[in-house]
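First chain written, first letter: the chains are A, B, C, D and E, and each begins at residue 1.
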Amino acid sequence: MNDAHILTTEGLGKDFLGFTAVDDVTLKVRRGTIHALIGPNGAGKTTVFNLLTKVHQPSRGTMTYDGRDITRAKPAQIARMGMVRSFQISAVFPHMTALENVRVSLQRKLGTSFHFWRSEASLRVLDERAMELLRMVGLDRYATTEVAEMAYGRKRALEIATTLAQEPKLMLMDEPTQGMGREDVARITALIREVAKSRTVLMVEHNLGVVAELCDRITVLQRGAILTEGSYAEVSADPRVREAYMGSAA
Amino acid sequence: MSAAQGHAREIGGADAAERIAEIHIADLHAYYGESHALHGIDMTVHRGELVTLLGRNGAGRSTTLRAIVGLIGRRTGSIRLKGEEVIARPPHAIAHLGVGYCPEERGIFASLSVEENLMLPPVVAGGGMAVAEIYEMFPNLAERRRSPGTRLSGGEQQMLAMARILRTGADVLLLDEITEGLAPVIVEKLAEVLGVLKARGYTIVLVEQNFRFAAAMADRHFIMDHGHVAEVVEAAELEAKAHVFEEYLSV
Amino acid sequence: MLTDLLGFPPQVLFGQLLLGLINGAFYAVLSLGLAVIFGLLNIVNFAHGALYMLGAFTAWGLAQFLGLNYWVALFAAPVIVGAFGMGLERFLLRRLAGVDHLYGLLLTFGLALVIEGVFIKLFGASGQPYPTPAALTGGINLGFMFLPWYRGWVVVASLIACGATWYIFERTKLGAYLRAGTENPKLLQAFGVNVPLLTTLAYGYGVGLAAFAGVLAAPITQVSPLMGSNLIIVVFAVVVIGGMGSIMGAVVTGLAMGLIEGLTKVFWPEASATVIFLVMAIVLVLRPAGLFGRVA
Amino acid sequence: EISDGKVKIGLLTDMSGTYSDLAGPGAVAAAEMAIEDAGAMAAGMPVELVTADHQNKADIAANKAREWGEAEQVDAFAELVTTSTAMAVYEIAKQQNKVVLVSGAASSPLTNDACIPSGIHYTYSTTALANGTGKAVVAEGGDSWYFLTADYAFGQALEADVTKVVEAAGGQVLGSIRHPFPASDFSSFVLQAQGSGAKVIGLANAGADTTNAIKAANEFGLVAGGQSIAALLMFITDVHALGLETAQGIQLTTGFYWDMDDETRAWSERFMERTGKMPSMVQAGVYSSVAFYLKAIEATGSDDTDTVMEWMRDRPIDDFFAKGGTIRSDGRMVHDMYLARVKSPGESSGPWDYYEILRTIPGEEAYGTLEDSTCPTK
Amino acid sequence: MMTTKLGYAAALILLLIAPVFVYPVLLMKFLCFALFASAFNLILGFGGLLSFGHAAFFGGAAYVTGHAIKVWGLPVELGILTGAAAAGVLGLAAGMLAIRRQGIYFAMITLALAQMAYFLFISAPFTGGENGLQGVPRGHLLGMIDLQDNMAMYYFTLAVFLAAFWLIARTVHSPFGQVLRAIRDNEPRAVSLGYDTDRYKLQAFVLSATLAGLAGGLKTVVFQLASLTDAHWHMSGEVVLMTLLGGVGTIAGPAVGAGIIVALQNTLASGPLSAWVPVVLGVIFVICVLSFRRGVIGELQALIRRSF
C-alpha cells in the first residue's frame, strides 16, 4: 500500500439513528503535511475525528493508519500508535498544575505507570522536558498554577502542549485556535508550523487566516460528504465553497 | 411594537432624545472563591447601543457578563439595569428585567431536545422572535430539532445558544464569543442579525475575539485587561486610538 | 400436569404474582419519589424511608389525636410531611447545592438516623396499630386467593399517583424546567426561572409521595419507627435498575421488581430479600445507566 | 471478699432496636430496681450497674463484655436479648470466668452445646415455648402444623424444638417457610401457609416479624378460613402494639404475667410507675436474676464467680417471678411457665389487661429434664 | 509540609505510648478501622469512585481469616494474609464487573455485589450465621510471642497498620497515583493520552479491597470473632462516614475520622445516652456535612494554607 500517506480512509460513513453525519468520506493524508478539514457547521468534521480516534465506531468504510488497519482498534491503542487528538472543547486535568498536566502525558513512556510502590520523585526526570513544552506554548510562567484557574485560551494552549508531549506522528487538532486572543492565535500558529516539521497534522479550523497560512492541503466537507479538495488557493476559488462556507470572507 | 418602546413607557415615558443608561456598572469586583477576577469595573451602556468587551484571554470579559446576570457568587460594587440596582438580586429576578445571556460554554441541555432547548427560557418581555423566524435564520437547528441538544455539532450548539435568547424578548443581550467556532457564512449572518436587533433598539454587550466582526457595528469598545477596563474607544476614534489595540490586543 | 411441575398448585402462583404486583406498587411510588428528588437535587435521598414512616405516623397521629379518618389522612399526611420536607430542603439540603451529591446522601442518611431514633424514643420500637378503613375491610375470593379490598385499592391509588407524576415531568413545561434544572441549575436561573423555589417544590413533592406510600402502608404493616429503614435500600435498587432520575424507569421497575420478588418468595424464600440486588448487578453490567436511564 | 471493693453488674441490651420495648430501657430500670431494693449494697460493698446498647450485634456485645471484664472489673453480665449476643458474651465470660444472667435470649443451645459453667439461662427458652404452646395446641386438636420461620439461629432453634414436641404429641409438620429477617411484608408467606392446608400456622419469629405476620394473617382471612395461629414467641409488648382487636384469641406461652397475684401486681405497679409500661417477662426476669445474684453475694460475702454460682445452684429462688425456681447444673433456671390466651377487647377491662392464663406449666414439663441436656459440663 | 511531618511524628509517639493510658483492645479496634477507612479512601479519595460495598471485603476477609485460623489451624500472620488475599480476589471479581460504571452507578453496583456476598455469609454454614464465627484463637506471633496478651497484640496490630498506611501514602504519591489523579480529573483526556483507564482503576480497586481485607482479618484476630456486622451495608456506610469526617482525599483524614467515630460509639454505647446513639450519630453526620465538609484534616490543611 501507498506509504506516502500516513492516514487513509475508504468510504467512511457514520449514521446517528438514521441521520447521516458522515457519508462516504475517502480521505488521504500525506506524511509531513498539514492537512485541514473545513466546512460549514455540522458538516461532520468532528465526527470524522471521533471516528478516527474511536469515540464512535464507523457505520461503513475502513481506516488505515501507518500501514495498519485501525477500523476496529481501541482508543488507547490508537493513541499509543502515535495518533493523538486535541479536543474541540478544551481537555485538560483541571485539578493538576500545568506542569503535572504535561508530565502525565510524558509519563506513559517511562513504563512505570502501574508502579504504586515507586516514589513520585522518579518522575522528576520528566520535569525538564515538560517545562520545555510549556515554554513552547508560552505557559512556562504558569507551570505551578492549578489549571482550573486559567482562562479558557490558556487551557487550549496547555492542551496542545500535552498533546505534543506524546510525540505524535499524526496530530488531530479540532479547532486549535478556538477561543484564543490574537496574540495567542499567532503563537499557536507558529507553534503548529514548528511541530509540523517533524510530523503530520490534520486539523479542523474555522479561522481561515490560520488555514491559509498553514495548510498544504484542504478538504472541504459539506453535509458529511467531501465537497472538494486542494490547496487553499484552489479551494477558496471554488464558488461552491464560497457559497456554502466562506461567504464574502477570505 | 418594539420591546424598547414598550420599556420606555414603563420608566415614566422618558423622551427618546434623552439617553437612558440601560446598564450602569460602578466599581464592580468579582471573586472566584479565593481568586479576585474583577478589580473595580466601571462602564455605562445606553439603550440601543452595541458595545464590545475586548481583551486578552483571562482579561475578565466573561466574568463581567457573568457578574451582570448574577452568576458569580461573590461580587461587590453596583450594577444598575434599567435604573434598578441588581447587585443583591438572585439571577432569576435579574433576567426578568429583560436580560438575555449567551454563555461562553454554550450551556446546551443534554436531556432536552433541540426544540425543548429553544423553548426553555421563559419569555421575559414582548417582541421576541417567532420560532419560525429563528429556524429560518438557523436551518441546521430546524433539521435537528428532535435530537438531544448536546448531540449537535459545536457550531450548531453555538447557534442554539444564541437562538434561544432571541425568543424571550429580552432587549438587553449579553453575548459571550458567539462567533466562536462558526463558519464564516454563519458569522456573516449573525452580523446581520445583530444589525437588525440594534435597529430594533436592543442593547447589546458583545464579548469578542473576532475584532473584524466586532469593529464593524460597535458604538464603543471597552478594552479590558487584568480585571480592569483599561481603555474606552468610541467607534469614531478607532484610527486615532489604533495604538491602544496594538498595546492590549496586538491587533 | 402443572402442579407436579411446580410442586404446588398453579393458583398459588397467581396469588403470589398478584401480591408481588401489590408490593411493586409500593416500590413504584417510593422509588418515584426518590427519582424525582434525585432528578432535580442530585441527592440520593436516604431519608426517604424515614419520611415514608413519618407519613404513616402522621396518619396514625391524625386518627389518634384529632380523630381524622383514613381518607383525610391520605391527603393531609403527604401535605404535612411534604411541608416538613420542604423545610428540610430549605434549611439543610439547600446548603449542599453544587457540592458532590455524596454529601447529600450522607446528610439525608444522618437525618434518617435522627428521625427514626426520635420516633423510637417517642413511640417505642414495636409500633402502633392502624385500622383498615371501614369501606375497604373484607375482600373478595378470586378462586385462587382471597384478595383483601384494601390491597386492591393500594394498587389503584399507586398507579394514579405514578401516572400523574409521569405526566407532569415528561409532558409539561414545568417538566422541562425540572429536567434542565437537573443539568445546569445556575444557567436555568440566569434565564429567569426561580430555581430555588423549583427545587424546594420538587423535594416537597418527592417527600409527599413517600408519605403517601406511608399512609397506604399504615393499615397493612405496623406503624413502626423502623418500617422504612428496612425498605429503603431495596427501593434504591429499584431506582437504580430503572435508571436514576427516570420517572418511567422508577414506576415500571417498581412493579417488575415486586413481581420478581413475589416469585422468589415461592421458589427460594430466603433469597427474596437479595434477589433484587442480583437483578441490579446484572442490569448495571449490561446497561450502565439502568433500564431507562440516559448515559451522561 | 469482694474483688476491688465493689460489685459491678454489666447489663447489655438492645436500647434502640426492635427489641428495645420488651427489654431495653425497661430492663435497665428493672436491674436498677433490684439494686435499689438491695440498698445498693451487697456484703457491705457498693453495687454498681453499667449498661450498654449492643444493637443486637454479636461483636458489639462481645467487645463491650470483654472491655468491662478486663478494664472495668465487671463481675456479672445481665439481660442479653437475642441469642447471638448471649452466645458471644458466653465466649468472653468463659475466658474471664464471669457470671452471666441471660434473660432476653431464647435459644435452647445456651443450656446445651453452648452452655458454660458460669452462665444462667433465666427467664424462658425455645424448649419451654415449644412445650408450652406446642403441646397445648396439639392437645386441642391442632395436629397439623406449618411454620413461618425467621431465617436465623433463633427462628430455626424454635422451629426445631416445636417440631419435636408436635411430633412427640402425635401431630405432624406439613412444612415450613424460611423468611428473611427482618421481613417487611408477610402476605406472600401467609398465602403459602394458607395453601399448605395445615390446621395450625406456627410463627417461629419474634418482634416486628411476629406482629406483621399476625396482621397479614388476619387481613387474608387465615383465621376466618379455619386455620389458627400459634405465636411461639410473643411478648405482652407485642400484644400491646398489635391491639386486642387483631391479637385476640392467640395462644402463647409466657414466663410471667403481671396480673397473677398480689406479689406480681405489687412489683409490676412499681415498674409501671417507673417506666409507664407493664413489665415484659424479660424485664421481670432481669429484676429477679439480678436480685438473686446480689442475694448470693450477700450470703457468701464474696463476688467470686464459682462461690456465687455454687450458692445459687443449691438454693430455690422464691420471689414474685419464679416461685420455687431452681438453677440446674447446665445453667437452666427451671420455673413454672404459663399458657395464656389473648383476651378479646370485650373481655379486657383496660390497658395491659391482655392475658387469660389457661394453665400453669410445671417447670419440669416446660424445660424437660437435665438428662435431655447435651451440655458437656452439666 | 513541615507541619505535616511534625504531625505524623507526634501521632506516632502518641500511638506508641497510648496503650498505657487507654484500653488496648479499644485502640486496636481504632487501628483496624483506621486501616479500613484509609484503604477505602484510596478508591474514593484518589480513584474518585464511591464504593458502597467495601464491607464485603472487610467482612469477607474477617470470615476467611477466622476460618483459616480456627479450622485450618493456620498461624495468625498467615491467616490474616489469607484473608487479605481473599478480599483481593473478591475485589478483582467485583472490580471487573463494576469498574466501567461511574458515579452513583458504581456505588450501587458495588452495593449490589456486597449484598449478594452478605446473603452468602448469612446462608453459608462456615460463617455461623447470626452468631458469627466465635472463639478464634489469637495464637502466637511467629510461634513465639503470645498474642493473648493485649499489649503484644496491640504492637503487632500497630506494626501492621503502619506498614499498610505507609503503602497507601506511597501509592498516592507514585507514578500510578499521578495517573489515577489524571483519570479522576478528566477520563476521556487520559484515554486520548493512551492510558487504558479501566485497568488503572481496577488496580486501585483491588489494592483498596485487599487492604480493607487486611483490616478485616486483623479485626477478627483482635476480637477473636467475625460477625455479620462486618459485612453488613451499614459497615459500608460507616466507613464512608469515617472517611468523610476525617477528610476525603487526604492521607491522614480517614484514620482521624475512624478515631472519632470509634471513640464516640464507645463513649455513647454505655451510659445515659446509650438509647440515643443513632440520634447522636445522625446529628454528627448532619453537622459535619453542613459545616465542615472538607473533614477535620481537610479543614486543618485549608486553615494552614490560609495562614501562610
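Convention: a residue touches a chain if its C-beta (ideal position, glycine included) is under 8 Å from a C-beta of that chain, and two chains touch if they have at least 3 such contacts.
Chains and their UniProt names: A, B = ABC transporter ATP-binding protein; C, E = Branched-chain amino acid ABC transporter permease.
These numbers come from a predicted model, not from an experiment.
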*asked:* Spelling it out: a chain qualifies if it touches subunit A and also touches subunit D; which chains qualify?
replied: E
_Centroid comparison with subunit B (C-alpha atoms), farthest chain_ = D
*Compute the distance, rounded to whole Å, between the mean C-alpha positions of subunit D and subunit E.*
37
*Just how far, in Å, is the C-alpha centre of subunit E from the one of subunit B?*
52
*Taking each chain's centre as its mean C-alpha position, how far apart are subunit B and subunit D in Å?*
76
*Quick one: report the Å distance separating subunit B from subunit C, using the average Cα coordinate of each chain.*
45
_Set of subunit D residues in contact with two or more other chains_ = 16, 20, 24, 151
_Set of subunit E residues in contact with two or more other chains_ = 275-278
*Where in subunit C do residues touch two or more other chains at once?*
117, 120, 270, 273-274, 296
*By the touch definition up top, name every chain pair that qualifies.*
A-B, A-E, B-C, C-D, C-E, D-E
*asked:* Taking the touch rule as given, give the residues of subunit E at its contact with subunit D in the complex, in rising order.
replied: 23, 25-26, 29, 122, 129-132, 134-135, 150, 223-225, 227-230, 269-271, 274-278
*Given the complex with subunit E, which residues does subunit C contribute to the contact?*
44, 92, 95-96, 99, 101-103, 106-107, 109-114, 116-118, 120-121, 233, 236-237, 240, 244, 270-271, 273-274, 277-278, 280-281, 284-285, 288-290, 296
*In their complex, what parts of subunit B are in touch with subunit C?*
69-71, 90-92, 94-96, 101, 103, 107, 109-112, 116, 119-122, 124, 165, 168
*Which residues, counting only subunit C, touch subunit B once they are in their complex?*
173, 176-177, 179-180, 182-184, 186-196, 294, 296
*Interfacial residue positions of subunit D with respect to subunit E in the complex*: 15-16, 20, 24-25, 50-53, 55, 57-60, 62-64, 66-67, 70-71, 82-84, 87-88, 91, 151-154
